[in-house]
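I'd like to ask you about the structure that follows.
In order of appearance the chains are A, B, C, D, E and F, and numbering begins at 1 in each one.
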Amino acid sequence: MLIHLSSWPEIDARLKATKTVVVPIGSNEQHGPTGLLGTDWLCPEIIAHAAETQDDGLVVAPTFNIGMAQHHLAFAGTISLRPSTFMAAITDWVSSLTRHGFERIYFLNGHGGNVATIEATFSEIYAEWSFVEERPPFALKLVNWWDLPGVHRLCTEIFPKGHGMHATPSEIAVTQAAYPDRIKTADYSPQIAPVGPIRDALDYRARFPDGRIGSDPAQASPEKGQRIIDAAVPALLADVKAFSGEVAP
Amino acid sequence: MLIHLSSWPEIDARLKATKTVVVPIGSNEQHGPTGLLGTDWLCPEIIAHAAETQDDGLVVAPTFNIGMAQHHLAFAGTISLRPSTFMAAITDWVSSLTRHGFERIYFLNGHGGNVATIEATFSEIYAEWSFVEERPPFALKLVNWWDLPGVHRLCTEIFPKGHGMHATPSEIAVTQAAYPDRIKTADYSPQIAPVGPIRDALDYRARFPDGRIGSDPAQASPEKGQRIIDAAVPALLADVKAFSGEVAP
Amino acid sequence: MLIHLSSWPEIDARLKATKTVVVPIGSNEQHGPTGLLGTDWLCPEIIAHAAETQDDGLVVAPTFNIGMAQHHLAFAGTISLRPSTFMAAITDWVSSLTRHGFERIYFLNGHGGNVATIEATFSEIYAEWSFVEERPPFALKLVNWWDLPGVHRLCTEIFPKGHGMHATPSEIAVTQAAYPDRIKTADYSPQIAPVGPIRDALDYRARFPDGRIGSDPAQASPEKGQRIIDAAVPALLADVKAFSGEVAP
Amino acid sequence: MLIHLSSWPEIDARLKATKTVVVPIGSNEQHGPTGLLGTDWLCPEIIAHAAETQDDGLVVAPTFNIGMAQHHLAFAGTISLRPSTFMAAITDWVSSLTRHGFERIYFLNGHGGNVATIEATFSEIYAEWSFVEERPPFALKLVNWWDLPGVHRLCTEIFPKGHGMHATPSEIAVTQAAYPDRIKTADYSPQIAPVGPIRDALDYRARFPDGRIGSDPAQASPEKGQRIIDAAVPALLADVKAFSGEVAP
Amino acid sequence: MLIHLSSWPEIDARLKATKTVVVPIGSNEQHGPTGLLGTDWLCPEIIAHAAETQDDGLVVAPTFNIGMAQHHLAFAGTISLRPSTFMAAITDWVSSLTRHGFERIYFLNGHGGNVATIEATFSEIYAEWSFVEERPPFALKLVNWWDLPGVHRLCTEIFPKGHGMHATPSEIAVTQAAYPDRIKTADYSPQIAPVGPIRDALDYRARFPDGRIGSDPAQASPEKGQRIIDAAVPALLADVKAFSGEVAP
Amino acid sequence: MLIHLSSWPEIDARLKATKTVVVPIGSNEQHGPTGLLGTDWLCPEIIAHAAETQDDGLVVAPTFNIGMAQHHLAFAGTISLRPSTFMAAITDWVSSLTRHGFERIYFLNGHGGNVATIEATFSEIYAEWSFVEERPPFALKLVNWWDLPGVHRLCTEIFPKGHGMHATPSEIAVTQAAYPDRIKTADYSPQIAPVGPIRDALDYRARFPDGRIGSDPAQASPEKGQRIIDAAVPALLADVKAFSGEVAP
């Protein structure tokens, strides 16, 4: 059940059966010479929507499409929230969803650069309760789609060399499977991009001139992307089920 | 050109031809017994994407899908930002887009409840420049899709009675045209919903028990929605063109 | 009853009879070559105090004299709050007044540029309650003095041409009625000022060199101002009475 | 020259002669059984306006009438900003006034409870410059009206017993001189109110049941108030002149 | 009992006997040509730890070592919080300590520049309770170590000339007593530093080129420092005892 | 060179030789039945100070002793900043240190729970520069002391079983080496504490009743702690040297 394509009475009714909601969350940022700017929010959306197709019991929120991408701002099309803004926005999403009775908020994340801020936000949210000796009526969970059981291993099997950390062939393949008419090609060199620390936007662009980090994305194909999606979907369903079934200590 | 389905070199190249970007912005909130929760962000997205199909020169950002909907929070599925959060997020979008050289940011809005906060945000952004006697290198514009020239008149022609202010047949028709397999029906009464002031969420639910304000949305149909879209698209293209051509005084 | 000229036991006693308070709110900003910088906070103060003289039952708070005027900052004497500051301040006024038992806070506004931020603030305040499923023990209302029943019509009757939107003859007339020894004259041209969009301060000054928008304020006179005040006072008293009598749904 | 009763061209012209502006600042809060709620903003306004009458060269801003009065909130009619809000608002006033070229901002304060927050605000404002190794083009000064040379001594001469710290006979006398038709009387006991620490609002009310601290305000009279005003006015003019003439090191 | 050198069960047990905690608070900032940068946080730490050695019943929190020192930022080694940050941090310390059941938080302060911001913070904290008509379950107290009964008098007895206001011989003597191997000497002139207003960092450095204000710190010696400590310790223990014994009104 | 035990001219002189500063950063939080509440800020302080003893060229800031520990707040003595406060404070430390010319700020961290927030803060700081297309004149680095080359391996060699994640024998051993007179013992069971997710404070206490996660801290001894310190010190010096020598791309 996709929230944005449902009516409120439908969500109201579904809340009798489940208290868990999945929020695809990512970033809109450069993904090298060939990757889509939307890659990081499209991937979790693609996987979550595919899972929902298989199991209508899965409640999926609209996609949180802009995250923390300050280091990519020297590349056109990147849109970033400051961490403090990102924290405020996630907090309001959580306040809204728990207001309706959702007790488990599962963030399926598509951007490594989001992780620190999302975790800091969880602490900010929990702190309100921890300072006053009350238990929040909800639990929050963050999972990167590539960390779903089995997925990362599959990605490195398919792309044993040049997987890298940004504009990876696996994430680009996932978008190719979903948007085959948007596949782009480009000459780039070196074949495998350099690696290094991530700091501000100009430092990033100086280190990684075409945007890639450690990756060779030309290896991507829609078929490989579909294999990854097919592995991720059951893993997601199983993980969400386990989260839904957790008993508070 | 949809930013999220483009690569950064494509956006970089396009910035040589245009400095204008359209941001569809809306809200995810209850739309009565039959309307989609995503209605208010789907409508501007539908219209902007249709316009982009006709004129690839139009640069469209990802959709800003969560807005200010505190008054709808007593209905399941609604997600709202506090105005202060909304302001911070819009500010960061503007900072990101202008960082790349966009000089005209055109917000195509789908939610009346967003208007005050978006305008307050524009003032917050401009104030940074006004306090220091500098001119910002950009201009901001907010247009509700129903206020595009000719559109509101068409809506009231098609729905002379029971158009109302929330969960209107025209906005629901637009979503029906785009998502015909998601059309929902429900019995509701009275046929035309009541009207009244908008305050907090429980007050709202007490006044408007099924969520509608002044509307009779069952009049909607995909065909009517398509007529509205067909009117809105050229109006949007013309309005964006005029904005792009504005000369600063 | 003017709060600032009363003692706390007097307000305490009055709260047994009424739960409504009127807050005159405006802005201190340029009003063209002849208008007083205080025009926008003086007008609602003049009207509210005149109403209190007629009906001592009306409780009037001190005047909130600085609002959102970033676009006027290129003209000397303008003082503006950023929208975010304005929101925080209004919130604290409301928290203070409701702390004492006031249940209806009626903002009588004198500045169009305040409207978006005040409405956003109302949403910010209500959101605290909407997120937690509680009803606030108060209602908030914003009314521009020229939108009091009959007033705008009277203004356009008196000034059929060149009323405009900023530094209007009607608001200047109101201040002339109250401060006849502060009437100023100046040569200006064109007789009727231009109109256009409102953005940052330097853009504003470039478009509207002497500060007026669409107005010809030399038509103002103390007598005309008194007629407007005389129309506004009973309209305000009636509107406040209706607000006080509202029954929550 | 009162800013709010001037036009912008008048202020513009005056800025050629002086770069100093006086901001009367106070609080709207209970002042015991007989004092006006506006006492703390009326006193500096009365003194500053009297000074402006004597020397039209003195530029006086509108009165900043709501300050930090959280401890008085258990008494009806008190309106308080949180310190953080107060800081933001003062910052915006300073940003506005310095935008026009004022280089010396002189806050004439009427409320002891404001002092800590105003000083913290000055540091917050200066810190922006201190962190970046630049000098601000302005200086800020805070003076309580009773600390103007000679004034406090006069007050304790007139009221050698029961002057106290809150709802003092001297501040009430000043308002009586200006608003003789608003003089109030009440029985209270003990004649001289208790003293003690200031904390939250309920603690305050428990310690100081009628609102006074250490004072016996019934000693006030309009004549005594006028003597205080007459002493404060030249002291203010001299102090502002000295501040205007300061040479940066 | 020093919290940071205790285990949580030890603090838990101690809370049965006392509800009071002392927080040494200061600043890390230049202290003239010979003073340690840590002087202002070392002094209250030295005194509080010495007191704890004499009376293990005294619960002492870790030292809050960075305060409000924006005016010293033109001297290397100074670290300052903005007042707004300082307020947020103190608030969180108070929230944490009161969460455990401490009901009296006693800040032993070592930096005059902290006073305004700490007091503003107390008001910010209390305001949360004052706006909602509840009593906080705690009381806050701020005492500068030199204001402990008898201490300031002793300091001026020991240093009748050239005590001054910053980099005073008494505070430097206290650190010399505790860190005798860190005593520094330097030539400076004039012997007694100038005095003047405190504004931004560059203004400060221009007025006070070596950092001192009004002081002649070469008079300090470890022996004099020990006398001061010996006077401060019993004064602190007595003052904390009195605070602990206060009965709420 | 310890900043807090130096004078400003000493730091000023040292800045000619090095632009790097080490900031020990940790948390004050429960560390199981035997660990010191200060463990997480004492460990990096112990290691950094030991390194400074060996190489006086190392500039060490005061210890940032309170971090993000909301999940430990159900245990007495824990003091936590909210993530947003922590971010503001780190930002001000960085602003202060870079104001003096430090170009490399190296945070030596002692608390895993700090990592997300510190990284989010780095992004918040960098974002200011990334949005405006400027390079910051500094680089930031975060290293947990146990992640210094060779240290974690040594810890797991010494404690092959029951090292765990919180209140580990290695961190407790480090504090025992430095504070041998503060060694505490306690009976606890199970010998090896459970593991699980970290959420709010009451959830934490329910899962981990004595505060430990996965650890058996009774294995600690001062000698083992000294071995760890002896391994960490040269690793720190080498890592700082490498960071100082980095050339910007």
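Everything below uses one rule, namely that contacts are C-beta pairs under 8 Å (C-beta built on N, C-alpha and C of every residue); 3 or more make two chains touch, one makes a residue touch a chain.
Everything quoted here is computed from the prediction, not taken from an experiment.
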- [ ] Go through the assembly and pull out the chains touching chain C as well as chain D.
- [x] B, E
Open item on the list: If each step moves to a chain the current one touches, what is the fewest number of steps from chain A to chain D?
Closed with: 2
- [ ] Using only the C-alpha atoms, find the rotation that maps chain B onto chain E and quote its angle between 0 and 180 degrees, to the nearest 5.
- [x] 180
- [ ] Work out the mean Cα position per chain and let me know which chain is farthest from chain E.
- [x] B
- [ ] With chain centres defined as mean CA positions, report which chain is farthest from chain D.
- [x] A
Open item on the list: Need the CA-centroid distance for the pair chain D / chain F, whole Å please.
Closed with: 47
Task: chain D-chain E separation of Cα centroids, rounded to whole Å - done: 30
Task: Inter-centroid spacing, chain F versus chain E (mean Cα positions, whole Å) - done: 25
- [ ] Indicate the residues of chain A shared as contacts by at least two other chains.
- [x] 73, 80, 82, 84, 96, 99, 130-131, 133
Task: Chain-to-chain touches, reported pairwise for every pair that qualifies - done: A-B, A-C, A-E, A-F, B-C, B-D, B-F, C-D, C-E, D-E, D-F, E-F
Task: Of chain C, residues touching chain B in the complex - done: 68, 70-71, 73-74, 80, 82-84, 87, 113, 115-117, 119-124, 126-127, 129-131, 133-136, 139-140, 196, 199-203, 206-207, 248-249
TODO: Provide the residue numbers of chain C that touch chain E in the complex, in ascending order.
DONE: 95-96, 99
TODO: Report the residues of chain D in contact with chain C in the complex, numbered from low to high.
DONE: 3-12, 15, 28, 30-38, 41-42, 61-66, 73, 75-82, 84-85, 88-89, 91-93, 96-97, 99-101, 179, 182, 184, 186, 211
Open item on the list: Which residues of chain C touch chain A once you look at their complex with the stated criterion?
Closed with: 130-133
